[in-house]
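Below: a set of structures, written as structure tokens.
After this come two complexes, each holding subunit A, first together with subunit B and then together with subunit C.
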Partner chain A sequence: MKVFIYPTNSLILSDLVERFGHEPLAIMQEIGKKVRTQGLDSPPMNMTPEDPKFGLKYAAVEVPSGVRGRMSLFDPLLSKAEAAIIVIEPVISFGCMGCARTNELVNFLLRGKKIPLLKLDYPTNEEDAKMFVYKISEFLKSLKPAEDKK
Partner chain B sequence: MSTTENLVRIAQLSCGAEYSGIQNEIDSAVKQVNAVMVYPEVDIGDIEAIEEEFGLKVASPDLKLLMARAKSIVTGKVHVDAVFIATCFRCAEAAIVRSEVRRYINEKTGIPVISYSFTERTTAGTLLTRMEALTTTARRKSLLAREKQNGLTAGIDSGSTTTKAVVMKDNKIIGKGWVPTIKVLESAQEAFNNAMKEAGVTRSDIQALGTTGYGRFLIGEFLKADLMQEEITVNSKGAVYLADKQKGPATVLDIGGMDNKAISVMDGIPGMFTMGGICAGASGRFLEMTAKRLGVGITELGALALKGNAHNVKMNSYCIVFGIQSLVNSLAGGSTPEDVAAAACHSVAEQLFEQQLQEVDVKEPVIMVGGTSLIQGLPKAVEELLKVKVIVPDNAQYIGAVGAALLASGFISK
Partner chain C sequence: METITKMIVINSSKLLPSDVAIKLYESKAEVMVKETCFGVMVSGERDIVDSLLLEIRKLDPYGIFIKERGFAPGEPYRCRATRRGGAKPGFHNLENDDKLLPHIASALKALDRGEIPIQKKQTKKLNIDKFKEIIKESEVL
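So, the complex of A and B:
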């Protein structure tokens, strides 16, 4: 299945999802497309003033342009998501999304999708960390493998 | 602007600029003023500790990064000449961080700072004047320290509504010209000719010429000016010079035909400044339209406003369309033209107060300059809102031209 991960640039979450035979939906994919697309010229991510306009699908013009620009990146991931894992209050080194308002909106939209959703706190000690990985693995095992879906 | 001038290192402290698709615009504006953007290095530990150290708790990690970068400038980990702080327009959390970081850097280091809230519509052109002022403050401190005008010099201020020119000799204004801006070059030439005629001099007598305002480059190149400078530094200089407040802090307010400037000045040099330009309802244009609707000249509006009471008129909007509509409705409902004129002045002053003055530290003396400062109701409305005495110096409408003539005298020896 296509599993949305939050924080959406978490390499650990992305790796876990892959290990259990699913496809992680991570922001790196979308940013990668922007960086590799030729003909755009707004470094470092090749976003242009048109991108926040795509974000109008999710939020009106009174919402800051940075939120809407980020939502334009999240759009393909949100529309493909068949399941999601959300880690609450992770440390920055685990994965970091820059804008709190965008994070709130993304989390809200995921809840509204009525897809299998795992929400769990970021662990602060070794015992919790083991439980953290166990819960994620059990959740991923419960999902239909990506191959079956095809 | 000259590309031969030394390169200025500007630290970019921002949240959301790249996601708004405007990083290219920022880079383009910076390149035009021969500056380079730098992004102060921080490590994860700095970001994690910054809320406690800075004393401000925020939810967005990019704002934590912004604060950590500010700290690395203040502690001297990175050397920069100026700082550009930018966050998304309408983000409340970012507005608080932007304002506090701006104050923190300016107080701790004295490095010139400008803060800006952007949308995806922000262009390099919008940013250029601000970047030009920022780099000028960083690289031309000795020029800006000039307190007296020497020799025979002239200044031309090409504004969006009017073009002003002065000729100065040995620290005195000896000729003035003020014409509406129609065609930029022709209006400038006319204002300049009028000033030279009054002064009894010719172009060849003028030892140095400075230009400022929107048309500064066009006019400056045509008239072979020695100095082509944006209006923030020029107006700051002109304001403290005309008000005789060259030493210590001052706040300069200039409500222009198209945009407003609020500048914190120390010893005649701008430290923090903001330029508003999103809403026409906060500009001199609003007062012009009110005067037209009341059937009086713009020069009469101020005296009318002094006789009125703004609080007798209910305004439902600051907008140049709907706000004027409110005024028209008030007239139809029996309000006096005096009250309506006062309400218009109050509306413009209130927008400056609500939308721009948070971006600077308002310290006395507060000096109002530009043509709108002569609309007496406007300084009065600003005084009421700020609860401080507002100074309107003589020749306040020539502020840009005087500042340009004053600074241009620094080029005579060359």
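So, the complex of A and C:
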């Protein structure tokens, strides 16, 4: 099953989802697709003026282009998501995750999608980490296994 | 075929990035390998990289963490060598995640042992009526 992770650039979440036999939907895949296309129009991320226009699907034109540009990156992930794991208030958000308004919008859209959703607190010590991993494993076990990639 | 890059982050007391890099070279798979301070980056076709890393993870299942990376190793827009040094974007996120990896590793070990962690009691928010009482009690007449 395709599992959306939030923060979408998290090493821990991406690793755990893959470890338990599902496919993580991470922002790195989308960035990879953008930067691997031939001819970089707008380095480093190759976000062109066209991208904020794709973001209009989610946000009005008066919303900052940063939000709309980010939403254009998140769009393929959100549309593919069959389940989601959300970490509430991660310690810090960097890069594509560094916009609080986009993050709120993404969380709102995920809640509206009516897909299996797991909300967790960010672990800070070993006991919390044990609960964190246990909850994720139980949640992922309850989902259908990922189809073999062709 | 889609070419991808995956990062292997090593947080192990028995495995070094160089050990993983040697194992990757030994496999003779058609991938590009770059050893880094945190682990190894592997670039190649998705099928090859995925199957290769499945084997690599077995070297230390609790000490190896893997995630995909958008940029290829040595990408001029991201590589420190062409950006006058400094941390690459994404390093701070990795540094933040890296602090938690020993806890996650011990949590994975506990999970494999079949340990069920005890749910901590969550502190409830203060009832509004109770709060009003406290305010009344502390009022100076």
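Throughout what follows, the second predicted complex is superposed on the first by the 142 of 150 C-alpha atoms of A that agree within 3 Å, B and C clash if a C-alpha of one lies under 4 Å from a C-alpha of the other, contacts with A are read in each partner's own complex, and residues count from 1 in each chain.
By our rule, a residue touches a chain if its C-beta (ideal position, glycine included) is under 8 Å from a C-beta of that chain, and two chains touch if they have at least 3 such contacts.
Because the structure is a prediction, the values reported are computed rather than measured.
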*Identify whether subunit B and subunit C fit side by side or clash on subunit A in the overlaid structures.*
fit
*Given the superposition on chain A, which partner contacts more residues in subunit A: subunit B or subunit C?*
C
*Identify the partner contact of A:Met28: answer first if only subunit B is touched, second if only subunit C is, both if each is, neither if none is.*
second
*Scan A:Val67 for contacts with subunit B and subunit C and give back first, second, both or neither.*
first
*Counting only touches as set out at the top, which of subunit B and subunit C does A:Val91 meet: first, second, both, neither?*
both
*Go through the superposed model and pick first if A:Ile115 touches only subunit B, second if only subunit C, both, or neither.*
neither
_Which superposed partner A:Ser137 touches (first subunit B, second subunit C, both, neither)_ = second
*Check the residue A:Arg101 against both partner chains and state whether it touches subunit B (first), subunit C (second), both, or neither.*
first
_Contacts of A:Glu127 with subunit B and subunit C, given as first, second, both or neither_ = second
*For A:Glu50, is the partner it touches subunit B (first), subunit C (second), both, or none of the two (neither)?*
first
*Per-pair minimum CA distance [subunit C against subunit B, superposed on A] in Å*: 5
*Common interface residues of subunit A with subunit B and subunit C?*
43-44, 91-92, 97
*Where on subunit B is subunit A touching in the complex?*
15-24, 27, 44, 47-48, 58-62, 64-65, 87-91, 93-94, 118-121
*Report the residues of subunit A in contact with subunit B in the complex, numbered from low to high.*
41-45, 47-53, 62-70, 73, 91-93, 96-101
*Which bits of subunit A are touching subunit C when the two form their complex?*
9-12, 14-16, 18-19, 26-32, 34-36, 40, 43-44, 91-92, 94-95, 97, 123, 125-134, 137, 149
*Sites on subunit C touched by subunit A in the complex*: 3-5, 7, 9, 46-47, 50, 65-72, 75, 77-78, 89-90, 92-94, 96-98, 100-101, 103-104, 106-108, 110-111, 115-117, 119-120
